[in-house]
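In the part that follows, the structures are each spelled out as structure tokens.
Look at the two complexes coming up: chain A is in both, with chain B in one and chain C in the other.
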Partner chain A sequence: METRPFETKHLDKWRSNLDSCIRCGYCYEHCPVFKDTRWESNAPRAKMIMVYGLLAGKLEPSTYISDKLSSCFYCGRCNAACSSGVPLTDIITDAKRDFQGTGFETPGTTTGTNTDCALCLACARACPHEARDFINGKIVTDTVKCQSCGICVDICPNQAVATNLSYGTDRSSLNREISTFLEQETAKAIVFGCNWSYYPDLQSSVMDPAEELEYKILINMCGGRLEKPLLLEPLLQNAWGVLVACCPDGDCEHDGNLKAKIHVAGLRELLKEMDIEEDRIQLVQVAHGDKTGFQAAIDTFMENLNKLGPLNHR
Partner chain B sequence: MEKNDLLRLKNIVGKKNVKTDPADLYVYGSDSSVHSARSWAVVRPENTGQVQEIMAFANKEKIPVVTRGAGSGMCGQTVPVRGGITLDMKRMNKILEINPSDVFCRVQPGVVDDDLNHALKPFGVFYPPTPASSRIATIGGEIGNNASGVRSVKYGATRDSVLGMKVVLPDGSLVTLGARTRVEATGYQLHKLIVGSEGTLGVVVEATLSFVPIPKFRCLGMANFDRLEDAGAAIADIMASGVVPSMLELVDSVAIKAVNKTMDLGLPEVEAVLLYEADAMVKEAVDHEISAMQEVCKNHGGTGLTSSFDPKERARIFLGRKKLFPALSKFSDILSSTSLADDMAVPYSKMAETARTIHEIAERNNIIMTAYGHCGSGCMHTKILMEPTRQDQWESARKAVAEIYDYVRSVKGTTSAEHGIGISKASAFKAEKSDSLDLMRNIKKAFDPNNILNPGKLMDAHEDWVTATDLRYTVA
Partner chain C sequence: MIVAERKPFDEIKHMVSGYKKVLTVGCGTCVAVCLAGGSKEAETLNAELNLAFGKDGPEFGSDTVERQCDMEFLAALDAKVGGYDAIISMACGAGIQFLAERFPGKPVFPAVNTSFIGVNLDVGWYEEKCRACGSCVLGMTGGVCPVTLCAKSLFNGPCGGTNQGSCEIDKDQPCAWYQIHGRLAAQGRLDRIIEISSPNDWSNQKPRKVIQPGYGERVKSLGR
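Here is the complex of A and B:
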């Protein structure tokens, strides 16, 4: 990779904002990248500290730092949680600009396209950030514009698009988590929680022994992006039920909640046809920040599920 | 650090749990304080055995080890002033046991405070020390600096809730301290000594904590005071009256202005506001406590008295206090909110005088300071709002901090109520505890003869906090 002297052209304007960051760390608990790894270097606060270090000349630009700064799903929850009102995701975008300008372009959580791409351009048309373009016969992602929302991943008919670093939110990671959890004796349900909504339960700690837990919350990029096979997978592995969370009507910029509703309704219909209680799959719409509401919905779901009992495959 | 040393560490915890990139070391080199320094490696153990191996190795090679939880400390406790290993405990995050019949739980040090309370809630109990940072603060970190919070006036600080612990000593040996019983009179209570020792004596790998029932009734009241002195007198009278508030908070005029300026909450611009809360399992008990506190406030000229049991109304009343922390951080584009002289405790009768003195010192030194806090515990919080890129502002802050602590000592107060000493309060701590420093050094030596655990802190910290480490700001 050819690099040029690092210029902080876009980052310069954020110096005073970075001084006002009190480094309280309240952004941690909201960040899916931090939660997946629990390395502080992946937390939003760390991204601000790294940018500060670059501006202050205390850190040399590197591929490593570029990769850290490119790993953000732009859920914006760190912005909302910031005690000092620092616009973290704007600063992250400008950091990506300056790294790109210097030749340190790293993919991070942005999406890439593999050779299965049929060049249908559906992803380019669907991208709300105009980050995907057809250049020199192939689909190219602008890693500065890309906000890792995953709509292109969802829309690709050939499954040729993938998030470079998924931090546990991709299909195979979710499948792995489902299998691991359901191996435990007391495991009863999988709850799919949307990254864009708040979610309750233990955030950075675990119960030991973990088998005492009846359900596990798995974070995904959007309730609408969970295909039917993935939603059915827990039931095939003897789970008692599946709860899918998505944003309330009107809150999703790409109708993910609508898609989630359609998927869940279809599966409920399927269960009915198979003479299985349809309430084993349910959908809950959770407003941003409504941890209490989400927990209440989970509790009600589990109460009902315990009444239904285990799923006897017929 | 030599390549072989890193290989040894990687052998213990696995390659992916050791970081040495300059970016990682820079990130892990600061916390919520003004300080910055870099360790040589960040290492994440997963279990007690690994901690024992790391410590035995570090002790043999005389490599400093600084234990770290969430890195939310405000005085530089986890800033590695002498390099070495930063021991990140966040992987040891298991809640090992919740035992409702014997009223204790056992946790690993990386468990987050709010997570523990979430797990305890179905049992109808809670772990009460809970600092404001409970959403990220780890139990290990809270033990390190004896954390407390708004309800500590009734339920005590971390030390009061820790029944026992397992600790890895610098030579790698494992000791079990304390017990699982409510009381213990079996020799030195060494687990109580570990609480508040800021990682200088051993590495806590498991803690046994007590919990208390969640009260069924809770009522929050508020009173406005035109004179700070009247609010101070009300605090002292409430605490002397036999009432046990579950919260008693003071918010001063600077803090009220900050909240109004940044949040537009329309709080009454008086000299002081008192927030008082009572909780109990029966409503009558709460009624009794609340009316007693209201009576005291009224007697001292308190106005606008209001109180509520309703959770939504309580949240509305508490909003100004809750938003204070972010309000101070957003007070001005050019001023930064720094944690300096931020949590002294003074006798109840000196609360108002302390707040007044803080304002005078700030004005004299051309900085902005506010005074607020958990007055029921005697704790006064402040923030210094300053331009951190200006050298003269640091000189002013240095002077103001010294003057404040001179005053605190003069009224027989103490340097830190709940944030600990670290680097920024070390000189004040040493001045306050001058006749017991040698004893503390001897205790440190008995635990840690090679001085590898968080060296350069507490009694061995640099005298001048401004030059003790790099400041995390770029000072012109």
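Here is the complex of A and C:
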């Protein structure tokens, strides 16, 4: 494939105000990529330092740097947490623009399509960011437009779409977490929480609770990528219930909450057909950053679940 | 493409009750495209069945082949099927039958209802366009099929029930012959529908076979 030389064409506009990042590191704890790896180089701050290096000519462009800068789920939590008001995700997008088409371009957290693709075009039609297109007989992801929400992962009928670098958000990683948690005697429920809105950051979450929690919160990047088999997995492993939390109507940038609502409604219907209490699967919509509301929803759900009792009593 | 819809869960569950090991086979082409029977749906169905039957129920395996209507793709299942005592097929009616023919000793159960040959209007939205009547008149009718789109499958103009562009059965159902007239008039080809068309021969229907020109000798040599 023909490539072009790397130029800081889009990044140039940040040259004069990139210094406003004072390297405080408040962004760390909010970044899902950092939270998964705990690597300094994956933190939003490191991304800014790399951009600074590229602009100052102190860093040579490389696939390594492109990989780091392309590893972003666009939750925007770093922007909100930044003490200096640096628009990190805008800068990251411009970095991706400058790397696109060069020999250093890497897919990062964007989605790719393998040869199982049936060319049904569902992903291209459903992508809320118009990032997937049918070009020269193949489905191609625009690595700049893709915001790694995973709507395409959920909709693909042949399981041909996957996030290139998932940082623990892929189904097999989540399944592993589900299994590990549910092995504990006290484990009762899985809560799928969306990173975009209210997933508790490291500082406010309890890392080593005195008592084992009865539930585990698993981050997914968007309610819209919660595939049905994933939602059923906890129940198959004898969890008592599953709570899906997503954004309120109109608040999801990807309309992923609509997808989550459809899936959960379908599964509740299915549970009813199986004579299983439908309230073992519930969906709650929580406003962005409303940690109290999120916790209250979990508490209500758990209270009800404790009344229902274990699922394997059947 | 062929459009299908998944059967109600209870119906599928009832069919496989009593078996010990069941293989769910998805089909990666038409039914995958219409979001009814690809590998994702096969996996979802198995998860649902596992939950419904619980620990003492059948063991469910899954596999998805490119097309169940091609024996070469079905061959990939030969080594696997022996370990199962029943098969669920998520393919269209043709695929299900071809699978049952390949493994005649195994009960094969359909997990989808084959609906029609149609087009993809949007994600999850399909419309019937062809009844596979075997005698295509689209050249005469401006690319609008009177067999599929006319409630009476009329060949020589609309019936008395046509009503300002709609069909008498439903005002939201366009009259196919109104559409045919409109398109041919716009193309200046109304003369194409002046002649009386003879009716299609619907009698004594039997399964049709198609051998494309140049392939007759090959079919003969295969002895089928």
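In this section, the second predicted complex is superposed on the first by the 290 of 314 C-alpha atoms of A that agree within 3 Å, B and C clash if a C-alpha of one lies under 4 Å from a C-alpha of the other, contacts with A are read in each partner's own complex, and residues count from 1 in each chain.
We take it that a residue touches a chain if its C-beta (ideal position, glycine included) is under 8 Å from a C-beta of that chain, and two chains touch if they have at least 3 such contacts.
Remember, it's a predicted structure, so these values are computed and weren't measured experimentally.
When the two complexes are overlaid on chain A, chain B and chain C sit side by side with no clash. Angle at chain A between chain B and chain C, computed from CA centres in the superposed arrangement: 180 degrees, to the nearest 10. In the superposed model, A:Ala122 makes contact with chain C only, not with chain B. Of the two partner chains placed around the shared chain by superposition, chain B is the only one that A:Arg23 touches, whereas chain C remains out of contact. Using the contact criterion defined above for the overlaid structures, shared-chain residue A:Glu40 touches chain B, although it does not reach chain C. Legend: residue contacts after superposition of the two complexes on their common chain; A:Leu232 is shown touching chain C, with no touch to chain B. In the superposition on chain A, A:Ile49 makes contact with chain B only, while chain C stays out of contact range.
Of the two partner chains, chain C is the only one that A:Met274 touches; chain B does not reach it. In the overlay built on the shared chain, the residue A:Ile65 is in contact with chain B alone; chain C does not reach it. Comparing chain B with chain C, the partner in contact with more residues of chain A is B.
Legend: residue contacts after superposition of the two complexes on their common chain; A:Ile155 is shown touching chain C, with no touch to chain B. Superposition on the common chain A brings chain B within a closest Cα-Cα distance of 33 Å of chain C.
Residue overlap on chain A between its contacts with chain B in one complex and with chain C in the other: absent. Those residues of chain A that touch chain C in the complex are listed here as 116, 118-122, 125-126, 155-159, 227-229, 232-233, 235-236, 270, 273-274, 276, 312, 314.
Within the complex formed with chain A, the residues of chain C that make contact are 9-10, 28-29, 32-35, 38-41, 43-44, 47-48, 50-52, 54-55, 64, 120, 122-124.
Here chain B touches chain A in the complex through residues 19, 21-24, 26-28, 30-32, 44, 70-72, 88, 90-91, 93-96, 107, 110-112, 114-116, 118-119, 133, 135-136, 325-326, 329-330, 333-339, 388-389, 472-474, going by the rule given at the top.
Against chain B, in their complex, chain A makes its touches with residues 16, 19-20, 22-26, 28-29, 38-41, 46, 49-50, 52-53, 55-56, 58-60, 62, 64-65, 68, 82-85, 200-208.
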